[in-house]
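One structure, as structure tokens, below. Some questions next.
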Amino acid sequence: MSKPFKRILFTGAAGNLGRRLRDHLQQFADVVRLTDAVDFGPAREGEEVMLGDLGNRDDVFRMCEGVDAILHFGGVSTEQPFEPIMNANILGTVNLYEAVHKLGIKRVVFASSNHTMGMYPTTTLVDAGMPTRADGYYGLSKVWGEALSRFYWDRFGIETVCLRIGYCFPEPTTHRQMNTWVSLDDMVQLLHRSLVVPCVGHSITFAVSDNPGRWWDDRHTRFLGYAPKDSSAQFADPLHGAAVDYSTNEDITLKFQGGPFLNNGPKYPS
Amino acid sequence: MSKPFKRILFTGAAGNLGRRLRDHLQQFADVVRLTDAVDFGPAREGEEVMLGDLGNRDDVFRMCEGVDAILHFGGVSTEQPFEPIMNANILGTVNLYEAVHKLGIKRVVFASSNHTMGMYPTTTLVDAGMPTRADGYYGLSKVWGEALSRFYWDRFGIETVCLRIGYCFPEPTTHRQMNTWVSLDDMVQLLHRSLVVPCVGHSITFAVSDNPGRWWDDRHTRFLGYAPKDSSAQFADPLHGAAVDYSTNEDITLKFQGGPFLNNGPKYPS
Amino acid sequence: MSKPFKRILFTGAAGNLGRRLRDHLQQFADVVRLTDAVDFGPAREGEEVMLGDLGNRDDVFRMCEGVDAILHFGGVSTEQPFEPIMNANILGTVNLYEAVHKLGIKRVVFASSNHTMGMYPTTTLVDAGMPTRADGYYGLSKVWGEALSRFYWDRFGIETVCLRIGYCFPEPTTHRQMNTWVSLDDMVQLLHRSLVVPCVGHSITFAVSDNPGRWWDDRHTRFLGYAPKDSSAQFADPLHGAAVDYSTNEDITLKFQGGPFLNNGPKYPS
Amino acid sequence: MSKPFKRILFTGAAGNLGRRLRDHLQQFADVVRLTDAVDFGPAREGEEVMLGDLGNRDDVFRMCEGVDAILHFGGVSTEQPFEPIMNANILGTVNLYEAVHKLGIKRVVFASSNHTMGMYPTTTLVDAGMPTRADGYYGLSKVWGEALSRFYWDRFGIETVCLRIGYCFPEPTTHRQMNTWVSLDDMVQLLHRSLVVPCVGHSITFAVSDNPGRWWDDRHTRFLGYAPKDSSAQFADPLHGAAVDYSTNEDITLKFQGGPFLNNGPKYPS
Amino acid sequence: MSKPFKRILFTGAAGNLGRRLRDHLQQFADVVRLTDAVDFGPAREGEEVMLGDLGNRDDVFRMCEGVDAILHFGGVSTEQPFEPIMNANILGTVNLYEAVHKLGIKRVVFASSNHTMGMYPTTTLVDAGMPTRADGYYGLSKVWGEALSRFYWDRFGIETVCLRIGYCFPEPTTHRQMNTWVSLDDMVQLLHRSLVVPCVGHSITFAVSDNPGRWWDDRHTRFLGYAPKDSSAQFADPLHGAAVDYSTNEDITLKFQGGPFLNNGPKYPS
Amino acid sequence: MSKPFKRILFTGAAGNLGRRLRDHLQQFADVVRLTDAVDFGPAREGEEVMLGDLGNRDDVFRMCEGVDAILHFGGVSTEQPFEPIMNANILGTVNLYEAVHKLGIKRVVFASSNHTMGMYPTTTLVDAGMPTRADGYYGLSKVWGEALSRFYWDRFGIETVCLRIGYCFPEPTTHRQMNTWVSLDDMVQLLHRSLVVPCVGHSITFAVSDNPGRWWDDRHTRFLGYAPKDSSAQFADPLHGAAVDYSTNEDITLKFQGGPFLNNGPKYPS
């Protein structure tokens, strides 16, 4: 079976998601170009490897040269001081979309984050049409990426699917992880749909499995045809059989969707 | 088991849907009256056959005489010049509802169409409360039928379920057909529910199977209890394994829900 | 001062609104072409006069030849049997937009009607994004015109402002007329804005003065900059000092916005 | 496996739901305190029994003393004259929340009712954000309980999950019962989720199984993770094979969600 | 000029609003029946006086006998212990609507209160379609009255206009009073509109003058034609020239619309 | 009359708005601290002057030391290459809010811009609850500021009023300027309200006069009590008497709210 693309770019190959997704990317293209700021080993068959700094315009233009589509998973993915986030996630996306625009690339899949909406209460169902409520510098940098890619769609017709990714690790063990978990297979399915559906415009969707209790409503992106096959219901529910202590309901990591990130954000002394 | 009705009328018996549905109508009534403008063969057991022109008031009154409920599938069902559409779909529905009103018939199931909303982008989730966006004379004539039947509900209490029917053929082979497909069994189930639920008021619903990626949200008509059993996921996905060419995203038959109908509509010379 | 256009077309010159507006149209164009199906006297300076049937395609093409913009006020403007409404208001608008499309005309101001929403209760605030609720064949024909003009915008980029016109007579004398009254000056102002605002897309707005108690919300068309200068508050309020008889609250001409039109619509014998 | 709570209070133990739920409550706490106004037999192992009048403040304070959480199912549960409803359901909830507040109890699960919305048509999909439409004194008393518990959340941070309970009997036999049925197992699951999810704020949800045709949309409370396992589809559909008589569509017990309750409400002579 | 009614009932004549409105009621009816639980002096010309307890069914039936319409301003109008509120405002409205129903009275104007929504933040624009958020027993009792009167409309077609009354005293002196002030003249105008507009259904509106900064949006009741003539802008703004102390923004009487009522509500010891 | 504050900070004193507003700031505080990156002359009586770079954390902390409230008008205010915008508007706001947080300042008025929504069509009414649609780097940087200040409210309770400022120059001369104009007096009134209203939370409002045709709906911030006294209707309407050329309706500077900024944004070569 032929592959959908000749060459795609995947940034952030050294990260958690990059390493887990790597083996699944080959189905999308004859050549998968993998990049990161730090070394992640040599190219395998069907791969190209490039190292570079997203904050460096020339590096980014080199990464994007000759690709048909981009999976942009690079940049900082945890709460950190502002400077590295500004460089990789803000300047980095500016560089990327300038390259995309100049080079005539037509579609990007952008790894956004649920931390764009981390300050919503855990009792609120969030959909992609609601205002963002970031929970720190990291979440704010993803709000930036969503807004920037929206501009490139509105003004230049470049398509982006923004994935607000949940908890993508093998096994959820907390209530928050149960609600936000996404299996690797579902993640790969969503990447596939984001790449191949003929028209996606600028879309914001949720990378989450079919968990009971999930906080996010995908009503704006049903056209993607993403149909998660997995659910956190297959794991032991940490709420089942455990003693309940309501005094924790003042705990901001339980009250707000951002969870533990809320305690990692900007504070003095920063 | 007794049947829900003594006699029902099914218009449009010679059409694609009429021929496919014919064998499934007997469960609804002791006598199924089948009509069309063109000959479609003799009546079978439990059937009555009448020929007539929907644009002819007397013909329509004869068709409606003595029936308990109507499945109105007759009229033009493709994009065509305006005159035949005006006759069959506009004047035809006016005649039909005058007959319904005069004869005291209480419920109609009206075959509307997804082309009432064909100018919505394929990235938009459409529900029955949103303004119509027809994609040509055919779609506009179905907007007319929905508005006319709404009037008969608001003013005279005559109930209608408008079915915005998707792609009702045995096998979908394009992305658009995958999203809009409705199986014959699901279609029959929806007819059944539309006929037997005690109160339906004036409702607009979507005749579509449980396809991933469908564009339509049935939130306004869940009370019908329609639970599709089929899904286009059972067919080979035309997007799977195919080469992607984003340059087609300027193609209006991909950008808008109406698909190929957009190229068949009114144009000069008409 | 130069005029905005070289030549505009005003259809329906013999009607109530046509006769009242006639003297105010000269400000819009060097030449005002006036048309109707029935004679309304000779052209004055700066005018052209044409007679013709909107249901006749050739007539309509002649009317539209060489004009920069159209004020389409022609057709049936009262509740009547369906045939004349179908000819003038349905076939008539189809003919008009085919001409507009062929001849490259870019903007139409379409005289729609509040009877597109006459089946809304008088206690409901209606805006242009809500589903239509016509109160008879006349109102339905205006729903048709709004849907048809929407199609020409969605598909071909032809702009239309649909005016849902209220009670445009010199003096309101009933509660309904007080709520729906529009002064001639406000009407002229609204025509001016509809013609000169640079971008109008497909818009539906309400031609009504600044009456207390009005039923319609113009939130979707504030961009027109229409600022009514008149109000029915300047007239004696028919509710003031009059005896109240609540038993009339079952009167459909008081319960629904369409008022007396509700008693004039399709009925048997029609 | 340890139990979530040391002691919970269940009021209304002698009622239909109380008797059916009793055997399922032990999983929630080491001690289940059961109360009602009328005798329902002796305590079993792991149970405490108290009798008392919800309209009596002292009784209520005694019931609430020393419990970790409350399942408030007590009070009148049918349409009745106003006085007993006022005593048990209005004064009773006032007493209960005063006790809850004084005693520092943090969460209540309140048995509200679908009769808070019984005057919505059966063609309307109701969600928890829509205005209530009670169908009699009983439904109004549940509106009171929802509003009162909202106040205790807004003002004092006391959490309540209001359950608008459907038809919780073993077997549905009417169309209305099919749409509103909730199985005992689903009911127990919902109680569990309402008790153990870390943050619930003030929530209104629907205790209903996964029936096709259900009238209620749980979009505001998906965070509870309630995933019904049962559906009325497992029972014979009373609409299937039955003769249809549309003349019943004027029957208020079919037109409105409240069903037969509409004929039991306040009337003269009351 | 003749008067709109023969006889109307005004309950609560001894209260603040009752005393201020008394002289303005004669324009509405030949006879104004004034009632309260406490003595308020003898009847003047064109008045009838009755004393009685709203919690007493017989008293209420006597009050309502022979009247054409009711202005129900009686009952408790401040935060108090629950028992008197239950008697006058809960049982009282039940008695009133039973009388209204039995006696065939068709319209009530009900003095509800802004305290039905006192727990909304002062930064929120509230409209009548949003859920209530009462700020104490008094506000909850007004939620009850609104829900009860809604039932009588839904079920029996009895019309009620609920007035959520703001600060109706001669002169506002705090920021909250500036935003919620209603002049006596505007109040009287609103009573007039509520009585004479032909159809009002069940409506909830805001009795407030045209103050800048008001918190309430009357979009659902524009049909009343209420056009306030006064504004608190005519008074000295307490915020102008005063020193700002942001530390007060934790003050619940400033954060929530209910203001000082929030400190008067149910608390332990109650 | 005493002044509301002891000391306020106004950043951006050398800019267009800074220079026009300077003389009006003294009413707000005993001492007005004025800052900018470039020299703007000596302090006058009641003023302090500081120069500094918003991208420099130490500079920003010095500016904020000892002030009661901040009017943040500093930074880049035109479309420019990304680097200066990143420094002043992104890093600058990060520095500012870190200082605000550390120093315990409770309220900021942030000069956002209508270019946060410049990609909305001119036919769309925009309110503060709708997703942003920036029209270039400048607009995106203001989206950043709004999102960052939202975070400081959600997480730390620091209040900000974001002003999406229109065209604040003495005289509007284009259609776009007519719709977006704000007079200096209205601007000053809005600053006053933003500073003195007791609770503002995180609010986004529109700094625009009462122009007919304005594109923005302030429904979310009526509580501010901002009542514009001016209107662009006092100026000659550039659309009045001018020739209309519909061919310009493809002109993006007329189709989108951002106007000429759309042609100044990021492009290749950037």
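The chains carry the letters A, B, C, D, E and F, assigned in the order they are written, with residues numbered from 1 in each.
One rule holds in what follows: a residue touches a chain if its C-beta (ideal position, glycine included) is under 8 Å from a C-beta of that chain, and two chains touch if they have at least 3 such contacts.
Because the structure is predicted, anything quoted here is derived from the model rather than measured.
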item	value
Intersection of contact partners for chain B and chain F	A, C
Chain pair repeating C-E, as identified from A-B, A-F or B-C when over half of the contact pairs by residue number coincide	A-B
Same-residue or different-residue interface between chain A and chain B, half as cut-off	different
For chain C placed onto chain E, the superposition rotation in degrees, Cα atoms, nearest 5	120
Centre distance in Å when chain C and chain F are each reduced to the mean of their C-alpha atoms	41
Euclidean distance of C-alpha centroids - chain D vs chain E, Å	32
Touching pairs - complete list by chain label	A-B, A-D, A-F, B-C, B-D, C-E, C-F, D-E, E-F
Chain E contact footprint on chain F (complex, rising order)	1-5, 68-69, 106-107, 159, 195-201, 203, 219-220, 222-227
Footprint of chain D on chain E - complex, ascending	82, 86, 90-91, 94, 97-98, 101-102, 119, 129, 131-137, 139-140, 143-144, 147-148, 150-151, 154-155, 262, 265-270
Complex contacts: residues of chain F adjacent to chain C	121-125, 175, 178-179, 211-215, 217, 233, 239-244, 246-249, 251, 254-255
